[in-house]
Amino acid sequence: MLSKIVRTISNQLILFILVFGLYIIMHGHVTPGGGFQGGAVIASGVVMMIVAFGSSEIKKSLRERHLSVVESSGALIFIGMAFAGMGTIFFYNFLVGTPVFGGIPPTGPNPGNVWTGGVIPLMNLGVGLKVIAGLSAVVLAMALFSSGEEIEE
Amino acid sequence: MEYLTVHSPILIVAVPLLAAFITPLISRIGNKFRDTVNVSLLSFVTFLIVILTIDIYANGTRVYTLGASVPELALPENYMVPVRIMFQVDGISIFMGLTTTVVALAALVYSLQFVKNETGQDRFYSLFMLLYVGMIGLEFTGDMFNLFVFLEILSIAGAGLASYRVNMADAVEGGFKYIIISAVSALFVLFAIGILYSEYNLLSIAALAHSMQFTTLDLIALALLAIAFVMKLAGVPLHMWAPDTYAVAPAGITPMIYTSSAASMYALYRVTFTLYGGHFDTTAIGWVVIILGVLSMFIGVMMAIHQTDIKRLMAYHAISQSGYMLLGVGVGLAVLTDPVALANYGRDAMNGGIFHIINNALYKGMLFLTAEAIFFRIGTRDLNKMGGLGHNMKWTTIFFIIGALAISGIPPFNGFASKLLIYESVFRFNPLLSIIAMFVSLVTLASFTKVFYSAFTGPEMPAFKEVREVPRSMLIGMGIMVACIIFFSIFPGLVVDTIVAPATDALIDQASYINGVMGAVP
Amino acid sequence: MMQYIPYNIPFIAVALLMGVALFIILFKRNLIKIIMGIAILGAGVNLFLVTLGYRAGGVAPIYTVAPEGVMVLPVPQALTLTNIVITVSVIALMLTMVMFTYRHMGDIDAKKSRLLRG
Amino acid sequence: MSVLTYGYAVWSPIVWLVVLLVLAAIVLYVRSRGQKRYKKGTAQTDIFISGIQVPPAEQRHVPAHNIYWGFFEALKGFYNTMMRPHTGIINDYILWLVAVMVVTVLVLVMVI
Amino acid sequence: MRQVVAWFVLITLVAFLLAGALLIHPFGYPPSDMDDYMIANSQAETANNNVVAAVLFDYRGLDTLGEATVLFTAVTGVLLLFRALKKREKKT
């Protein structure tokens, strides 16, 4: 556990990191970014919290098994989106043209619209959840292991 | 049914992937439920693969383009190059798929009892399914980069599982060696893919083969790809990781990792025959493969007879048997541009090499399972400490005898059928190679006699008086493989005609693979 | 051939980067350093892929308020992204195994912490 | 169906099985002509080495490293050479990979 | 001995890579059939402004699924290794 200044600032900063990461995840189909990048940003925020507060403190609120569940659900959202296209074919972008994320942007440079992209934003969300949970779980497990604690099943 | 047939190539990959993803969730409900779900999903996949096999032998190569509006639409409308990822399943792919699935089913059933008393079971099953996904995806895909991704899935899952018994120091070491060599060889594969992409701006195997120019850069890429895959399939002199990893992997995983080597062998054949076949003179790369094969056979078996660790001994045998496959198919590769020699003996040599893949996956996998059954009961892999186990583990002994006779090429078992094909046809190519192959077979029998003598025969040891036969699910797992071995032994002609010959034809016939994607393009 | 040399400096950098990585992997006995070597090898391959897709004077392939001009190739960028994640995953697993090796053997020298040989 | 035919040879496991069955029948017949007085669990089954005390089970069993001892002794030079590359060091594994890669590139570029 | 072989191999490989760097297409002028199709048609086909995202999740979606699977595999593997070993230690 680091000093009080670090802890306080981390506590404030984590909100901004969360918002920024979510922004990157949800705008992956309009601007540079996407699920992996945004997920890595948020996971780095979690790493910052682990550094500031110590792994045993974080463990009380963030369990491996919960992270595992979140990761599985992210993966399931992703593969579920792919399976949902099975009416036509696996990975078919079936949402194009529907009211949900279905707007088709004009050809060529344009200002951009979040309600486009078909299944891509949803897949980005799934990947984002997966990356957040996966990377945090890895770092948390490593931190707990090196501080000598056993990880529960 | 129609729907299942059309979508079976992707379902075979996606259903086990789904199983891997939901395993951490459903294991909350109960271990029994999780086991049931996993076994039934894998059985469903087996059913799908049988459907797909029948369909492919009836209708030829199947192309499945992901994300297009019609599965067969590999090229976008009015465009000459494939843009999307596609699965392309032909004779050799489905042959490897069948092999993988049979081994995976047997290994999963075997593992049910084996991991019952361990921790981390749900992750074990999750990784098991991912290992299966990696192999089957590698075999079905028709895209170079996708092949790399599945290669990585296979490597990481295999390494994680090899270190499953993490409280043993050697288990961690074996897994670490496997992940390091996998990572380095996979990066070289990716580098070669980058070279190919830079020249043709394509990633699909069929389209690349269609526009291959055989420049110097292509040859560098060929060398990188071929040797990286030889590393993954543990051909001498790149075999040193294999005994380390095979020896420490838990039961049910060793046959799977071994089958993943066979999948890398498939990738090697796919690259050399399909990607670089055609107008390119393959004699040089064929001889490289033959030399690697002969070295693997000879050094593998000579090292094997020296070992006293039962699983290391079997791992060296796995290397030595891979040599037969490399030899058989390498002869076919060396004479690929010579139609007369190909018809005379090249095709038979390739039949032998490919038939040996499935035979070997069966009996080698079964032998690994028996070795692990011994470890399960007496807790050591050291042959010096064993003895007299035949008194108490009767079924394991019988299974071991069948596997040992089959691997040594004793008639009437299936190992003899495939080895006979290799001996006879390679003799016409170069008699010396055939003689070496026979000598290796002899030493194989000698070293399995050593294992049989020191582990199963002899007086009943007082230390092992309490040893009992392994639980039923482990016996069923071994029994599935033995049933396949006996079937293959009695009907070699049927097997070669129905599943091996189409696989060989698929490898030789590069044009039909290309046409499956490029279609009407001139 | 010679006229390409000034333009092909990124590819030469890739070759040198891979050379450095292989030097580390071949000569250093420390397991952590070997993993670093693999990370650099991965970086070299990533650099190779991403330079493959560069088109002279190109802009990023994103249409949102895009400036005028040709776009660089998008596929190598996707491949690079994939490879970055794969390399990270592999390295996480490797580091885990090194941690266990250290716990079991008390050493991370490749020459000293080996049980399996022969 | 069970016969494997190809160009210049034939392999039929059924013939082999028939031969094995005939041999087994002969063996069983010979065995049935033997003495009927043999009984399990009596002194007949005990080991007898000219009256010497029979050693315990562990000492009667030949352990694995003694099997083929002469073979390994004769090929000592070969095995010493063989053991040298099998160091178990991960760097050497990668060195072999890169070396074989370089040789293959040389072969392919020079030959073709 | 090993040092000499290693240096030789390293230098030869780097020499090959450098030769390859000169043989490859000139930097900045790649062949681009497949990519031109994606740049031209991604907006119409996938309703998406970001061509890289279109490639990642639509044209080459299976690669991304595979990549996510690689991450999942690695995380599962890491957590498998870091699991508590109490039960096992009691047994042996």
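Order of writing sets the chain letters: A, B, C, D and E. Residues in each chain are counted from 1.
Just so it is clear, a contact is a pair of C-beta atoms (placed from the backbone, for glycine too) under 8 Å apart; a residue touches a chain by one contact, two chains touch by 3 or more.
What you see is a predicted model; the values in this text were computed from it and never measured.
In terms of the stated touch criterion, the partners common to chain A and chain E are B, C, listed by label. Looking at B-D alongside A-C, one finds more C-beta pairs in contact between the chains of B-D. When each chain is reduced to the mean of its CA atoms, the one lying nearest the mean of all protein CA atoms is B. With centres defined by CA atoms alone, the chain at the far end from chain E is D.
Chain centres were defined as the mean of their Cα atoms; on that basis the chain farthest from chain B turns out to be A. The geometric centre of chain C is 9 Å away from that of chain E, both derived from CA atoms. Centre-to-centre separation between chain B and chain C, using Cα means, comes to 28 Å.
If each chain is reduced to the centroid of its CA atoms, chain D and chain E end up 43 Å from each other. The distance from the centre of chain A to the centre of chain B, each centre being the mean of the chain's C-alpha atoms, comes to 36 Å. Those residues of chain A in touch with two or more other chains are numbered 30-32, 68, 71, 75, 79, 82, 91, 93, 105, 108, 110, 112, 138, 142, 145, 153. Residue positions of chain C touching 2 or more other chains, listed in rising order: 18, 22, 25-27, 31, 34, 52, 62-64, 73, 75, 79, 81-82, 85-86, 89-90, 92-93, 96-97, 100, 114-116, 118. Listed for chain E are residues 6, 9-10, 13, 16, 20, 23-24, 30, 32, 34-35, 38, 43, 49-50, 52, 54, 56, 58, 60-67, 69-75, 77-79, 81-84, 86, each touching two or more other chains. Contact between chains, as defined at the top, is found for A-B, A-C, A-E, B-C, B-D, B-E, C-D, C-E, D-E. For chain E in complex with chain A, the residues that touch the partner chain are 43-50, 52-54, 56-58, 61-62, 64-65, 68-69, 71-72, 74-75, 78-79, 82-84, 86. Residues 7, 10, 14, 17-18, 21-22, 24-25, 64-71, 119-120 of chain B are the ones touching chain A in the complex. Contacts from chain E toward chain C in the complex involve residues 6, 9-10, 13-14, 17-18, 20-24, 26-30, 32, 34-35, 38-39, 42-43, 49-52, 54-56, 60, 63-64, 66-67, 70-71, 73-75, 77-78, 81-82.
Contacts from chain C toward chain E in the complex involve residues 1, 4-5, 7-12, 14-16, 18-19, 22-23, 26-27, 51-57, 61-64, 71, 73-75, 77-79, 81-82, 85-86, 88-90, 92-93, 96-97, 100.
Across the complex, chain B is touched by residues 16, 19-20, 23-25, 30-35, 37-38, 41, 58-63, 65-67, 69-70, 72-74, 76-81, 83-89, 91-92 of chain E.
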